[in-house]
Amino acid sequence: MTSPIHPVPHHPGDRDALLARYRQVRAASRALCAPLETEDYVVQGAPFASPPRWHLAHTTWFFEQLVLVPYAKAYREVHPAYAYLFNSYYETVGTFFPRAQRGLLSRPTVAEVLAYREAVDAAVDALIAAAPDTQWPEVCARLEIGTHHEQQHQELLLTDLKYNFSLNPLHPEYRPAGEHARGGEPASLRWLREPGGIREIGWDRAAFAFDNERPRHRVFLEDYALASRPVTNGEYLEFIADGGYRAAPLWLSDGWATVRREGWDAPLYWQQRDGAWHYFTLHGLQPVDPQAPVTHVSYYEADAYARWAGRRLPTEAEWETAASGAPMTGNFVESSYLHPHAARGDGAGYAQLYGDVWEWTQSAYSPYPGFAPLQGALGEYNGKFMASQFVLRGGSCATPADHIRPTYRNFFYPAERWQFTGIRLAED
Amino acid sequence: MTSPIHPVPHHPGDRDALLARYRQVRAASRALCAPLETEDYVVQGAPFASPPRWHLAHTTWFFEQLVLVPYAKAYREVHPAYAYLFNSYYETVGTFFPRAQRGLLSRPTVAEVLAYREAVDAAVDALIAAAPDTQWPEVCARLEIGTHHEQQHQELLLTDLKYNFSLNPLHPEYRPAGEHARGGEPASLRWLREPGGIREIGWDRAAFAFDNERPRHRVFLEDYALASRPVTNGEYLEFIADGGYRAAPLWLSDGWATVRREGWDAPLYWQQRDGAWHYFTLHGLQPVDPQAPVTHVSYYEADAYARWAGRRLPTEAEWETAASGAPMTGNFVESSYLHPHAARGDGAGYAQLYGDVWEWTQSAYSPYPGFAPLQGALGEYNGKFMASQFVLRGGSCATPADHIRPTYRNFFYPAERWQFTGIRLAED
Amino acid sequence: MTSPIHPVPHHPGDRDALLARYRQVRAASRALCAPLETEDYVVQGAPFASPPRWHLAHTTWFFEQLVLVPYAKAYREVHPAYAYLFNSYYETVGTFFPRAQRGLLSRPTVAEVLAYREAVDAAVDALIAAAPDTQWPEVCARLEIGTHHEQQHQELLLTDLKYNFSLNPLHPEYRPAGEHARGGEPASLRWLREPGGIREIGWDRAAFAFDNERPRHRVFLEDYALASRPVTNGEYLEFIADGGYRAAPLWLSDGWATVRREGWDAPLYWQQRDGAWHYFTLHGLQPVDPQAPVTHVSYYEADAYARWAGRRLPTEAEWETAASGAPMTGNFVESSYLHPHAARGDGAGYAQLYGDVWEWTQSAYSPYPGFAPLQGALGEYNGKFMASQFVLRGGSCATPADHIRPTYRNFFYPAERWQFTGIRLAED
Amino acid sequence: MTSPIHPVPHHPGDRDALLARYRQVRAASRALCAPLETEDYVVQGAPFASPPRWHLAHTTWFFEQLVLVPYAKAYREVHPAYAYLFNSYYETVGTFFPRAQRGLLSRPTVAEVLAYREAVDAAVDALIAAAPDTQWPEVCARLEIGTHHEQQHQELLLTDLKYNFSLNPLHPEYRPAGEHARGGEPASLRWLREPGGIREIGWDRAAFAFDNERPRHRVFLEDYALASRPVTNGEYLEFIADGGYRAAPLWLSDGWATVRREGWDAPLYWQQRDGAWHYFTLHGLQPVDPQAPVTHVSYYEADAYARWAGRRLPTEAEWETAASGAPMTGNFVESSYLHPHAARGDGAGYAQLYGDVWEWTQSAYSPYPGFAPLQGALGEYNGKFMASQFVLRGGSCATPADHIRPTYRNFFYPAERWQFTGIRLAED
């Protein structure tokens, strides 16, 4: 558990910078919870939608068990049961409380979890100051991955909360819609040609990336084209109106079985009200905006839509190659809008590659050639999920802006819809 | 929904007495919640174990929908969604939020539910004062059943809370054990002979009873004998030690299937710790007291124990006949002990017929000859559960003392164990 | 396993009579299979609907394991695996192949099962001749119960086969409808008054009856009335037309949950075809006969129908008291019609108490006062099912005529519909 | 449904050759059934393990519905229900009987299914002779795919039958083990280096291949090495002995969940008997041969074994590149051994690339760049399964020798084990 993390961190000496980042990330988690009632912290709407309190505790557990326990000799665990209660799935760290039962626990209370956070934060502060130089590279690497881990849970905290709230007939509002630019014409759909050949994808820089983004390697691509922006709700409504959810030949076999078993007839959170489609958002039930990107669609729906449209989904190599040169700007969690915007204007390049919606690719989540997971418990972070999931790219309106990269590989099962997932089309 | 309730109430003119009882019962529900954290109000540990907040709201819904809405013309519902959210199972009142999902709602908050209670209480207060004499008998009858309904939910609130807490590895304590007499020798087991013949059971007095206790009617009993006290943990431990949970011939077929499917090897809440049996109680994990009545056993376990002991369970007619002359004293919720006591001393008669543990009878829960359910929504209260359940008698340590009667028929499915259920043996 | 069966058999000396009965019952099982294709012997349409071949083998297993193995010293088991494969649920005899998987076995083949029958028959023949007089009473008692056991399985073989065939879109016909009288006017519905008081029910004669029919004992009945004939399809169609399957207040709570979960809108085997109700019968799909008794209804449906009709179901004591004086004639399996007939004419008494359809009573299946199950394995025959089931009376069109008695207690779970179950109403 | 199949067949004029192949393939299906009892044709041991009779009928349905109905004008369907009963999953052809219920049908009988085959065969014979030249290319293409389809079902018939038999405690034998060479030393494990670079995979010849093998396209490979032979039972036993099935870090997350849920501790069909591992084979229960390739392992087990061995599974491109030059010889269904052989001798190249066991690759089953499914119903053949499955290569001991190709892509879900699946390791 104390074996060195590979690769080495990129700024082994800069303790002040890491401390600042640590504090900023930890504060951001707390800030996301500001609008919550105590009761909201407890509920788990489905096995996949953990209570907010659990996210606050588990991200703290990560620092406690993977940094403080191995490296801060004087540290004493806040509670002997937390190592068990707040482990998510790290088999090499120990047993864990069943995931599906996180919503069955009313204790520790929110106040106790916040006290847990404070105790761990104080100990991390002290460790950053006091770790001997010989240990600092390892401590630094683990703290850094911990901050990225916590940023992932910030996004999950929001999407889980949205799911939990969606089950409530009262349609609770997380908070009022933030400011968002509405000016300009809706962006039209253009096709951007990308030449084929040998390309390189994956991460090779010193700065942080997850192990699954490495190593950088060569792939061969045929010529292809990518859509300039994601599919909009208006376009998706045409698919619905054309009977897309009732036309078996458009669907993968597993997808069609899911459509029938679940009774899907629209994206998650959509409902008819007075004859018009609405969707549940983090600021309550809203009319569907036809110009905004469609979101909360499964891989099956993205794939069926693409087939209906006579196109296909891109591979992750195609996406990354196209996106590598694009600016990493967009509608991220910091905009506080927490819902995808309509793309505006008609620039020459791509719109909304980053932020707004995670874009399903047709690539199954697999190891890159030469992939080596981190050693010890951190090796369970990414590698063990490399079966039956699909890669998504680009981040969403719930992703922190400094958390995303062109090489970032997110992954979910093809039936999952509770993330801010969307569709960008490709063609040969 | 406004049809008269049969039978007529016993004190049609006494508005003050009813107001006093209403206030006392309502206050008792609040008092039971005093030890809770806000988080505790939210959790539903199983479909059958509703959140405390739901009990507070549903008992209020009962008065709102079945008393105020039909009889208090000026009353305005506190929230339009509550009629749906807090209906338990009254099909004739309208649709209801699914029972198994009560723990998925964080809103309305506890504070909002308490405000709901206060608004309804104020309206009931006003209605008691202002109802015209012509309506008063109906209003009175419905308010009275509402108070008994709320007392049932007080017991459920405690047993549901116990179940919810039992899932938590932290073993939360509801509150410290109250005072309870420990003096005297443990009561020995004696057999009291009861002569057979034609007997009468059921309720025929003016005072309140549920419709399922009526009409009083004749039954024919053979001679029988009843045990002077319930089976103790010590006696039940002998059954366990003798391989009771592994001996198929002792069990009903459905019971044996349950034992194997669920892996039962002891009553609910029992666990081995350092080689000794403990049980989870409302004051935390405790060593098993061999002299206290065994509790949290299913009908299947009660029946198997009786077969192992060469005895049988009593019928409800046998129980009621024997209990009719006994004093209705015992360990009820008011003792605050919230766990069965050891029976003490060797009086001439029965011990612990009332309070401590509900006693399984071998009688399936069926209508009495001539049974007529109440009309309208209240007809759903009892009658529609008359299949596949068994009758329990006598109340428990979580029952309010003024809620129980010799004719009171409680009923649960034979596999259920989360009530304070116990065993009293009979023989021919 | 060799302990004496109580009570002693009624004809301890008559070996010839028993041999004749044994041969007659065994031949009847074979005769019922005459119309089957080899493939029909293999299928198990649901966990409760065993393959015909299994019935042939299990009834043989009963004689082998409960008679030959303990009493015929020289007997050698036909195959060492059959004791396991063809045990149904006798825990005291040994482990058994899982019930739900009986349809997964293609071996032993039908031919091998028939050879098994022949080997056991020969050994039983020899034992009847050779058993020493000291053992004969026990051997005789076990052989006798074995023949009644096989008759029960003859009925199950037909109802299971009907269920299996019903799943086949080809609507296979078991055999053409036999002769049945169609003359006379349909019987009208009359109410026959029965006086209350102390009555006796249960079996006390020397002739065979199951242990659950004993002991004969006193019960107290109020005055009641019984319908002169069962509810017809025509009457039941009015219930359907009146929205009976959509009216929650008519149903027991468990029943309503079943209706919604299973999507019930008519009895089992009913389907609309060209706008008219048909039902699947053992002679194929047929138009519903409005004058014939409704059949293949669950207890829930029988109870809901009775509530809709403003009546109730009888108790088993009411049924038995009324039926004790009636002639035991009716439409049994020997008529080969294998479907209930319309009652004809207007005699003074009851029609169709015996045969045609099993009549649901409101009595839960419970032990009679003083009930003592048989000892050893045969004690598992009846007693261990005394929870959550309801008693049916009178036999059906698939029951052998010499198998039924006024005291005969059949029992099924309230949701089960694949037997020939029907409804006779009662009122106070 | 009559749209042309792309690509065009390779021998548009050779009617005699096609007729010969048609007859040969059809006869082979019948020959595989020769050892079966009638009862064996009926059983479906799991939703995925169809009855043999169903395979005989479905392959016939394919020719009837996809060739005769559109092209043989005078053809009359043998039975109007067969189009529904024997459709597997072709949504565009019509509805289909539920897959999981194929074992619930005893009719049509085996004799009727054989008559169905004969009627269709006669009509196909006639169509081959009589189809006008203008239609012949389409007819020919569909007949050809039909023969390959039937060969796939021949393999499934054997693996399904093996599964069905494995559930039977009698351990039925399909037929005695055929001849198989046992001479020579067991092959040792060598590593063969393969240079990286741009390679081409996929089919581009005129001869038949499935649509999912096209188009031939370029991929970029790093240098890699492949094992000279598959992993043996002896090697796999070391993994078991080393606690492989209890070591969470070796497993994919989904795999570990499967191991625990299913209680896996060895490959499918393995069981301990008298302290030694045996496996169920098509010639009964046999001791495990340590030199034969391990088979009936899931992807999860293959992947965990590779991780334990410090290696990895190959990609399908790596496998195909290595296998393209190898001779397509091996232990196929024609050898009648129906179980993998031990590899013998130490040749310079690869052993057992073809036949013996299907080899799991780490490649998710996805469309090749530029993949276009066939039009109409045949487009459902392969494309709609491109999610959550993994590619297997090389054929098995149950594959017809003339059915396999270097480019052949088989695919199964990662938890499936009832095919003859095995492991060949790779390394960077």
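Points to keep in mind about this one:
Chains: A, B, C and D, in written order; residue numbering restarts at 1 for each.
By definition in this document, a residue touches a chain if its C-beta (ideal position, glycine included) is under 8 Å from a C-beta of that chain, and two chains touch if they have at least 3 such contacts.
The structure presented is a predicted model; accordingly, all values stated were derived computationally and were not measured.
Listed here as common contacts of chain B and chain C: no chain. Number of steps on the shortest path from chain A to chain C, with steps defined by chain touch: 2. Distance between chain centres (mean CA atoms), chain C to chain D: 47 Å. If each chain is reduced to the centroid of its CA atoms, chain B and chain D end up 60 Å from each other. Chain D has its Cα centroid 38 Å from the Cα centroid of chain A.
For chain B, residues touching at least two other chains: there are none.
Chain B makes touch with chain A in their complex at residues 37-45, 81, 84-85, 97, 101, 103-110, 164-165, 167-170, 172. Across the complex, chain C is touched by residues 89, 91-92, 198, 217-222, 248-249, 251-256, 299-300, 303, 312, 362-364, 366-367, 369-370, 379-380, 384-388, 390, 414, 428 of chain B.
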